[in-house]
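You will see chain A twice below: alongside chain B first, and alongside chain C after that.
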Partner chain A sequence: MNDLGAAAATALNLVLTADPAVAQIVLLSLRVSFSALLIAALIGLPLGALLAVARFPGRGVILTVLNALMGLPPVVAGLLIYLLLSRSGPLGHLGLLFTPGAMIIAQAVLITPILAALSRQVLEGLWEEYAEQLRSFGAGPARAVPTLLWDGRFALLTVLLAGFGRACAEVGAVMVVGGNIEGFTRVMTTAIALETSAGNLPLALALGMVLMSIVLVVNALAQASRDFATRAGV
Partner chain B sequence: MRAPDTILPLRAEGLGFSAGGIAILSDVSLTIAAGSPSIIVGPNGAGKSVLLRVLHGLLTPGTGRVLWAGDAARRQAMVFQRPVLLRRSVLANAVYPLKLAGVVAAEREPRARAALEMVGLAALADRPARRLSGGEQQRLALARAAALAPEVLFLDEPCASLDPAATRAVEEIVGTLAARGTKIVMTTHDLGQARRLAGEVLFLNGGRLREQTPAATFFNQPATPDAAAFLRGELVW
Partner chain C sequence: MFRRLFLAAAAAALLLPGAASAQERFITVASTTSTEQSGLFRHILPIFTAESGITVRVVALGTGQALDVGRRGDADVVFVHDRAAEERFVAEGFGGPRRHVMFNDFVIVGPAADPARVAGLRDTNDALRRVAQARAPFISRGDRSGTHAAELRLWQLAGVDPATGRGQWYREVGQGMGPALNTAAAQNAYVLTDRGTWLSFRNRQELRILVEGDARLFNQYGVMLVNAQRHPHVKVADGQRFIDWILSPAGQRAIASYQINGEQLFFPNATQPEPTS
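Then we have the complex of A and B:
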């Protein structure tokens, strides 16, 4: 309990004084995870919508693989990106390993299957409802994709949230490809892991509290917009 | 303004459709010409909705074919029993099919608003469509179809789940569209509605077209015994 009390005091102190080191770690965490979310959304949401409307041989296999990839262990994703980006790897010439760019790629790889699989589930129900009417309007499956993405926007917010939660909570992938370099690639989760193993529990807990507060705020905003959508009936 | 060419008459030859091994339509041949509304009547399960979907092109017939006199792709529209409204405003719902149909951007909103005006929903243009009452939703579906200015409008039991006041509003709109020259092809199991709207009646029973006659003839002197029984209110199948 002493640790928790001390951590709370430390956390409050760090936040109130806007400790530059902590601020940098928090900002980098947000930058990496939001960038990864943006990239994953640009790929995963249209992919999910396409899988919701299209029927082709092999679709079942793709869905199974996608669902399996939702459980991809972050360290494994990190390892794969590491191999691709390492100096001898196929993308080694980009010089991205141990940079925030590599961390963004790793998290994007991790959450794209999540966004695709979840949005496929959400949009398939919508497509069942819309299909006949849209076909009557002369819109085939390809034209339906943007329509479904727009009309499912509030449901997709929850999907994005799941992706963001996964991205900013994972530690394995960013640790492997980022290297946890202080002041450069250290994010909240890797800092927590480091401070814990170094015995600096109050600082680790303080960072943990900041991390949870951020997740809480993001979820509250999403919930508020869903409530708005429900009230407005859109 | 309608183009001088026309997609009517619509001809169907030997249409057959089955689902799961059960015949729903058998050997349906018909010709639908321009003019007053063609109303398809018959008991539940007669195949009315399936026939409408085959004619509209939503279902591919197992046998036979549907022949239009011209390119019908953008010249026909359909309103369903339960309107499927987009999760957008009333106006956006009316604009959407115009965009799909390739109407130039500047024309979309005026046309959509004119259609909303016609069905009495102009004041609700900014409301979320799915917050409308059942009758208003169906009127919006009609406005959406009317905005496309189709030559042929298919309606599948548009009043099946509406109260009498809403039914009357829908019938008035259908009458207005018919008077403007839109060919109405509509299914109903409500004989009173068929009497009120029909120019001609197509009586469908057991997946077969049993009669296609002017409305007055059908209601006064049905040619087939099952149509006579149906008119008397007996259960036929």
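Then we have the complex of A and C:
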């Protein structure tokens, strides 16, 4: 109980004083997770829409694999990317290991299946409603995908938030491929793991509270923009 | 509106990565959790960076893992504390030569209630035998770190095979020093730790230093450059500059000046001749 109180006080203090070290860690966390979300969205959403409209042999297998990949353990993803990006690995010449770039790749790999699988689910329902209408315009899957993505944008926002949440909360993969280097690849979750290691539990929990507040703000902003857009009839 | 918002957010996310990737001169050092978590690097690295203009990126792992990072060519310098493993690394041609940098010591910490009655002992053989005899919970790092190697050596010297108590009183956590100390604190167990991590560790609960001062608890740190013949991208000049600095009087003074609560954590010994045996 005492620890919880101390953690809340520390968290408040970190936010109010805008502690520069913490601010840098927060900014890096956001930068990495938003970049990963963007990459994952560019791949995952069209893939999800395509799977929602198209019927082809092997589709069932792809869906099963995507669903299974949603449960990919972050440490395993991290390890695979580590071996790929290591100087002794096939992509070693890029020099990406232990950089924010490697962390973005790791998070994107983790959340792309989530975005694809969830958006498929969401858009399939929508497609059932629209299919006939779209077909009557002579629209094939290639035309249907952008239309579907646009019409499903509000539902997809929730899908994006789920992906962002997973990216932000992830620690195993970014620890392995980022190396938790102070001032360079240290993000909220790895900082929390480090402070826990140092036995500094109130500070670790305080950082956790800061992280949760940020995720809350991001979600609130998304919700507000959706409300605004709905009201404006966009 | 919505589309524009999304595009703006997307553009911002794309632009942001460029912001912090300014060209800087840096080297990557694979080191141990004890040097990082004790706060030593935070104390000495700014001094080196100010002098040389080279930023040092520290990846803190167990010694075994840190040497593996060096083997794969993912670091320029390795700075660790398991002499036998380091000499193997050099002998295999992955880097070197290995140089002494500093030392501190290990201590055995355990619950204040001390069920194995080891408090105040100096002889680690005696202490570990008592722990085994009492079947008192003992936390092992179990992660191929320098501290883990030292612990296994101490058991061997004591003539005890802790593996017989595996899963019962001998518990291998396979994690860093901090998590091992957290576990020991939660289970009122004994654990071997380097003094630096112990001094900076906050969640001690009932844990106290019970055994210290045995010469067997000596903990030597070494530094070596990764072999550029195996990994051509290794930053030989800047990496060597870091090694030269940390072995120089300025670097050694920086190490000696690091204290927690008035207690010095690491003792520089680069100037002492290397024992040849």
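Everything that follows uses one rule, which is that the second predicted complex is superposed on the first by the 222 of 234 C-alpha atoms of A that agree within 3 Å, B and C clash if a C-alpha of one lies under 4 Å from a C-alpha of the other, contacts with A are read in each partner's own complex, and residues count from 1 in each chain.
Keep in mind that, in the parts below, a contact is a pair of C-beta atoms (placed from the backbone, for glycine too) under 8 Å apart; a residue touches a chain by one contact, two chains touch by 3 or more.
Only a predicted model underlies this, so the values are computations on that prediction, with no experimental measurement involved.
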Does the chain A-based superposition show chain B and chain C clashing or fitting?
fit
Consider the C-alpha centres of chain B and chain C from the C-alpha centre of chain A, and write down the angle between them to the nearest 10 degrees.
170
Mind working out whether A:Thr147 is in touch with chain B, chain C, both or neither, as first, second, both or neither?
first
Mind working out whether A:Thr196 is in touch with chain B, chain C, both or neither, as first, second, both or neither?
second
Larger residue footprint on chain A, choosing between chain B and chain C, goes to C
Look at A:Glu132 in the shared chain and tell me whether it touches chain B only, chain C only, both, or neither; answer first, second, both or neither.
first
Shortest CA-CA distance in Å separating chain B from chain C in the superposed model
12
Quick check on my understanding: which residues of chain A belong to both its chain B contact set and its chain C contact set?
150, 232, 234
Okay, in this complex, where on chain B does chain A touch?
56, 58, 73-74, 77-78, 80, 84, 86-88, 96-97, 100-101, 128, 130-131
Interface with chain A, chain C side, in the complex: residues 1-3, 5, 9-10, 12-14, 16-17, 19-21, 28, 33, 37, 41-42, 57-60, 72-74, 176-179, 181-182, 185, 200-204, 231, 233
Which chain A residues qualify as touching chain C in the complex?
28, 30-31, 34-35, 37-38, 86-89, 92, 95, 97-98, 100-101, 104, 150, 153, 179-182, 184, 194, 196-201, 225-226, 228-229, 232, 234
Residue positions on chain A within touch of chain B in the complex are 129-130, 132-133, 135-139, 143, 147, 150-152, 232-234
